[in-house]
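As written, the chain order gives the labels A, B, C and D, with residue 1 at the start of each chain.
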Amino acid sequence: MPPTTFNAVLLLSSFLFTIGLTGVLIRRNLLFMLMALDIMLNAAALLFVAAGAHWHDATGQVMFLMILALAAAETAVGLAIILALHARGRPSLDADTGNLLRG
Amino acid sequence: MSPLPALVLLPLLGGAVAWLADRSSTTGTSSARKISWRITLMVLTLETVLLLITTFGQHSYQGPWLDHFSIPWIPIMGISFQLDMDGLSLSLLWLTLILSFPCVLLATRKIDTNAGAFHFLFLAALTGITGTFLATDLFLFFFLWELMLVPMFVLISAWGHEDRHRAAIRFFLFTQGSGLLMLLSILGLVITHYRQTDVLTFDYFTLAHTHLSSFLSMVLMLGFFIAFAVKLPVVPVHVWLPAAHTQAPTAASVLLAGLMLKTGGYGMIRFNLMLFPETALRFAPVAMGLGVAGILYGAWLSCAQNDVKRLIAYSSISHMGFVMLGIFTGSNTGLQGAIVQMLAHGLSTGALFLIAGSIQDRLHTRDMAQIGGLWASWPRLSSAGLFFAVASLGMPGFGNFTGEFLVLLATWHVNSIVAALTTAGLVLAAIYSLRMVNRIFLAPTRTPPLHATDFSIGQMSVLGVLMVLLVLLGVHPQPVMTLSLPSSLSTAAPSSGGDYGQ
Amino acid sequence: MSYLLPLLVFLPLASALFLFTTAGKISAQTVGFVAASAIGLSALCSIVLAGAFLTSAPSTPLQITLWEWMHTQEFSADIAFALDPISLLMILVVTIVGFLIHLYAIRYMEEEPGIARFFGCMTLFVSAMLVLVLSSDLLCLFIGWEGVGICSYLLIGFWYENPRNTAAARKAFYMTRIGDAAMLCGLLILATSTGSLQTHTVLTALGAGTIAPQTLTAAALFLLVGGLAKSAQIPFQTWLPDAMAGPTPTSALIHAATMVTAGIYLIARLHLLFAAVPLVMMLTAIIGALTILMAACTALVQTDLKRILAWSTISQLGYMFLALGTGIWQAAVFHLMTHAFFKALLFLTAGAIIARLHHEQDIFRMGGLYRSMPGLTAAFLAGAAALAGLPLVTSGFYSKEMILSSIWSAHFPLAPLFLPLAHILWGMALAGAFLTALYISRCVFIVFFGPSRTAASGSTPRLMAIPLACLSFLSLFGGVIEMPDTLAPIHLFTRFLSSPFPHAEEPVWLVLTGGSVPIAGIVIAWILWGRATPVMQEIPGQSTIIRMAKEGWGADALYDFLFVQPFRFLVWLTRHDILDYLILGIGRMTRAISTFFETARTRSLTLFSGKTILFLHEGDALLARFQNGRVRWYAAWIVAGLCAALVSGVVS
Amino acid sequence: MNTLALLSGSLTLLGAIMVITRRVAVHAVLYLVVTLLALATVFALLGAPFAAVLEVIIYAGAIMVLFVFVIMMLNLGQPDREREKEWLRPRIWGGPALLSTILCAELIYSLSTLPQQTDSFSPLSARDVGLSLFGPYVLMVELVSFLLLAGLVTAFHIGRHRMENR
């Protein structure tokens, strides 16, 4: 019944992660970065689900659930930050202008 | 109970009391000044009484020395608080007291800034000087030697004249540096003695028996010698003296010239000559050469000075050259001459500094060209100045001549050419003394009406005492000469002169 | 009797102390009275002593040791007085002449504000002089020797408001001090070789021959230098004329009668010692003779009255030295005594004249004074006659005659045989006598005769006249106690000195020559200056030799050039303490070196640390690149790290 | 079935690429929805229907709506579009893209070393997941609830600031 191999799924997950990563790296707009992050999280989730299916274990989906919750929380907080920044006069949402993390 | 520790410690305690009294009295500056001044005077009077007791009282102590006192101080190091007195110490102690009275009566009364501290330091320096004359524990001697310097340093740097800080620092560096050399010598002597006998002691009499190799004893003696030579001062290391004497307040000048220089001479007799008799004899030609150099150099430079105090300071270098010469002639005559010269120099130069200080207090200048003839306005001060100037030029009948003659006599025995050269110093002495007299006392009246007053009768009588003593020392020095010969150690006394340097 | 000796010294000393302590509180009259009475009492004492001495046996000199002065292992000296004929003569001269001069000075100085200082110094001087002549110990003598020097200094510089006076005072003191230093050397030599300076000890040692000849020569030379300086002989003659800056009584007492004769006294005292050293004796005689001529020539051209007398004093002292040098010390002492009388008289008279002429001292501004002040003229004439040695009637004749006639036959063992040194010296002394008569007569003729030039005022007080009269008497008749055998066999003086004097060798022609030369001098002076139309109104002052003579033969300038200026220059050059600079320089050098090291160290450290900092800075900048606070860069670095980790994981 | 798997997989990748290259935020969100729906298909194919359903409901439904709301609130317009164009220059994205490519290559290489195996993906029901979730992983559920609470509080806090600053 399974139409595809585990290796193929892993490959898909890798590609998806790389794309998300590329998105994080190349976009300066926080909004897009947030979306790219979601893509990366989904790639990770895919990996968990695939592994759960591979070894027939429910833990993979439990982990998926956790990632889901994580993504929800992350998105909520990230969007709140974006809104706050926008409201403080940085409408461009440029990730490079904020350098508060600088050592 | 021996009065010696009281003699040493009384001024220090009295000084502390004077200071405290000054600090606690807040009624006003003038009365406060009086309080510390009065206490100082009382302390000196008490000290005189003590010294009288010491001089004429019954001595329980048997031996060649007059009096003895000893208690352990730091027993583990063999250090004790040990004081001994012989005729030399006694005569110098009398000089100390006799000179400190005019200081207090004539000079320190004028101090109005922080008089309590001034009197405390004055008395502390006096303690150091008294103790130096008495201590026979080498550690105690060194301690008191240094104790003498610190108050003097503060006196100069706090109450001195325009260039006081430099002068004070120079004074301190020279004396302190040479004092450290002496400490090294003391330690060397003590350690050598310890190695030989396994007894750790700083006792003067015990250490005198240490057997030293000739090289080591020369090195150790030089350590002592340099310390005393700086204090005396001997010519190449006299540099601190003119500045310090010039810049010091009057009382400190008197203390420096009258007493502190004597500690150098005393040390040379007590430590160089008596601890290392043979070495001192070997070293004598050099020391005598330095003495003659000091006599001529000091007198020569004194001829060139325009600053009264500087002139007197250089003349003291010249006079102390005689002391050095006398000590190292190696004969009793020379030694007695040196001692008489020290006493007479203390009286005459001390008085001259008092007079110069009084002039400066009144006219605010030390430049002879600006002082001008004082005879018309202040005959008493001027006549006193003339008297002491004449004394310091070596007029027979004054103590200075007695000392100089005895020294010259002893020197002539050793080397007649050196002695003949030294008499040239007498001519130079006449030149600088009379130059001073004809510049500031017997000179055309320069200054318009002076508001300051002449010496009062009381002040003149204080100086009169000094004059009488000086004349007594000049015409009847025999009691002093007999008394003041240092008591011999049991080993070697600087007796009959050697025939070195021929 | 011996207690009179310290009393003799003590009276003037006490008076001096009293006058100094009460200066400014008592009136001038009292001051003068106290001083004069103290000296008067001293004079009385000395007369009593003289009476006692003459009546008692002269062989035992009066002696008293007051106290031990200094006694050490190898030397002893006492404060001790002794009275022998020489010192008795000296105390008589000092106290009597001193008393007369003090009497005179009471009125002379009464207007001076510093009269207490004046009389204090004068009485102090007398006491010092008495110590000098009385002490039996040479070191004790030295007290008086220096004491009279300092009193002389104080009195020459009495009017200190004028710097020239104090300069003259210092000059006098310095020059005598040089002699004193030499004398001290001489004393030291004697002290080291005999262990005592008691006169009789020294002379005993000399007689016993315990002193080495070289030592003796050196000692005698040094003592001679001391005596020469004190008595203003060549080469120390320059201080005495300048010393005339002091008040006239001072000049009379100190610089004519007493102090300047101290050198003669010293040598006369030690004549045995000097006699043992022929070289020094000859030197003394030659110096004395040269001084006679030099000073007499100088006196001949002076125009200042007091300076004439000063140079005359030097010249007369030269006679005494000549006498000492030829071994006739009795004659020297005799001349000393008569000289004290007539020179004091001359000075006091000159002082009185000058005072009445409103302090005019130039003799060419005086003239015709015998009309206005006959008394003073008489006194001055008496003194001048004595100085010139007018035969028979003056004391000066006898004393000078005694010297002159003895020199002829003197014997100098060291002189070359072909050179009749004694005769040459006699000729010089004779020429000196002629010149003496010439210059003093010149002075007399110009001052007292001829036209009047300056009006005199006032009159001489009686208190000043009495001493003048006494001194006139003494200078006229004080010499009769000793006469040449040719005239009368009176030898009171030499008998008094208890040393027989060989008068026998005096030929008559010698006495005649000695007597005629002064007369010749006076006659020639009369021809030159005394007549109504004098031949020479003034010795032409233009020629070089005259100018030089006037200036004392350039000795002053020479000394100034040779000693004073170089000394001043050198002192000025070295007025700063070289050693001071040296030590300060060492200090500065040390500081410079340490500063150098410190800078070098700092620089190297700076360089090193700079490099390090630069390096660190660059590293920091590099690291800061990573820490630029840009999220995307962080992400990129995470990715890069991930890549690297994966590579390492895969490769391994 | 294999075709469906391939289609959904490539749609996922395509959607993802479109998301990261869009200049307009709404377009990107829509592409992201597409990606998520395709991913849900993949989950279903892997035998995880529960996960697929949750993906659609929570991710594509709830979270994406959140995005849309925010984009609406940001009120983006033409300047933003221009700016995004400005920011998407090859010089800017070249480096990161290269880095990502290297990483991708490495991942592929490391995957290629894995042994080839054929699996049978038997489906796991919601019940299994539920049993597992409330059995051994109950503590994790609690932690997740904390996480969600924290996210809620944080978002509220940041939003509150914004309100006050108004």
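The rule is short, and it goes like this: a residue touches a chain if its C-beta (ideal position, glycine included) is under 8 Å from a C-beta of that chain, and two chains touch if they have at least 3 such contacts.
Listed by chain with UniProt protein names: A = NADH-quinone oxidoreductase subunit K; B = NADH-quinone oxidoreductase subunit M; C = NADH-quinone oxidoreductase subunit L; D = NADH-quinone oxidoreductase subunit J.
Because the structure is predicted, anything quoted here is derived from the model rather than measured.
Set against one another, A-C and C-D show the most C-beta pairs in contact at A-C. Inter-chain centre distance (chain A to chain C, centres taken as mean C-alpha positions): 123 Å. Chain C and chain D, compared by their mean Cα positions, are separated by 128 Å. Rounded to a whole number, the gap between the C-alpha centres of chain B and chain D is 102 angstrom.
Averaging C-alpha coordinates per chain places the centre of chain B 34 Å away from that of chain C. Residues of chain A in contact with two or more other chains: 21, 25, 28.
In chain C, 632, 636, 639 are the positions where the chain touches two or more neighbouring chains simultaneously.
Screening every pair of chains for touch gives A-C, A-D, B-C, C-D.
The residues of chain D lying in touch with chain C in their complex are 95-96, 99-100, 102-103, 106-107, 109-110, 113.
Residues 1-12, 14-23, 25-29, 31-32, 34-36, 38-39, 42, 45-46, 49-50, 52-54, 56-62, 64-66, 68-77, 79-84, 86-88, 91-93 of chain A are the ones touching chain D in the complex. Interface residues of chain C facing chain A in the complex, by the touch rule stated above, are 623-624, 627-632, 634-636, 639.
Within the complex formed with chain A, the chain D residues making contact are 1-2, 4-5, 9, 12-13, 16-17, 19-20, 22, 25, 28-29, 32, 35-36, 39, 42-43, 45-48, 50-51, 54-55, 58-59, 62-63, 66-67, 70-71, 73-74, 80, 83-84, 87-88, 92-93, 96-97, 99-101, 103-104, 107-108, 111, 114, 116-122, 124, 128-129, 131-133, 137, 140, 144, 147-148, 150-152, 154-156, 158-159, 161-162, 165-166. Those residues of chain C that touch chain B in the complex are listed here as 20, 23-24, 67-75, 79, 139, 142-143, 145-147, 150, 153-154, 157, 160-163, 166-167, 169-170, 173-174, 177-178, 180-182, 184-185, 188-189, 191-192, 571-572, 574-575, 577, 579-580, 583-584.
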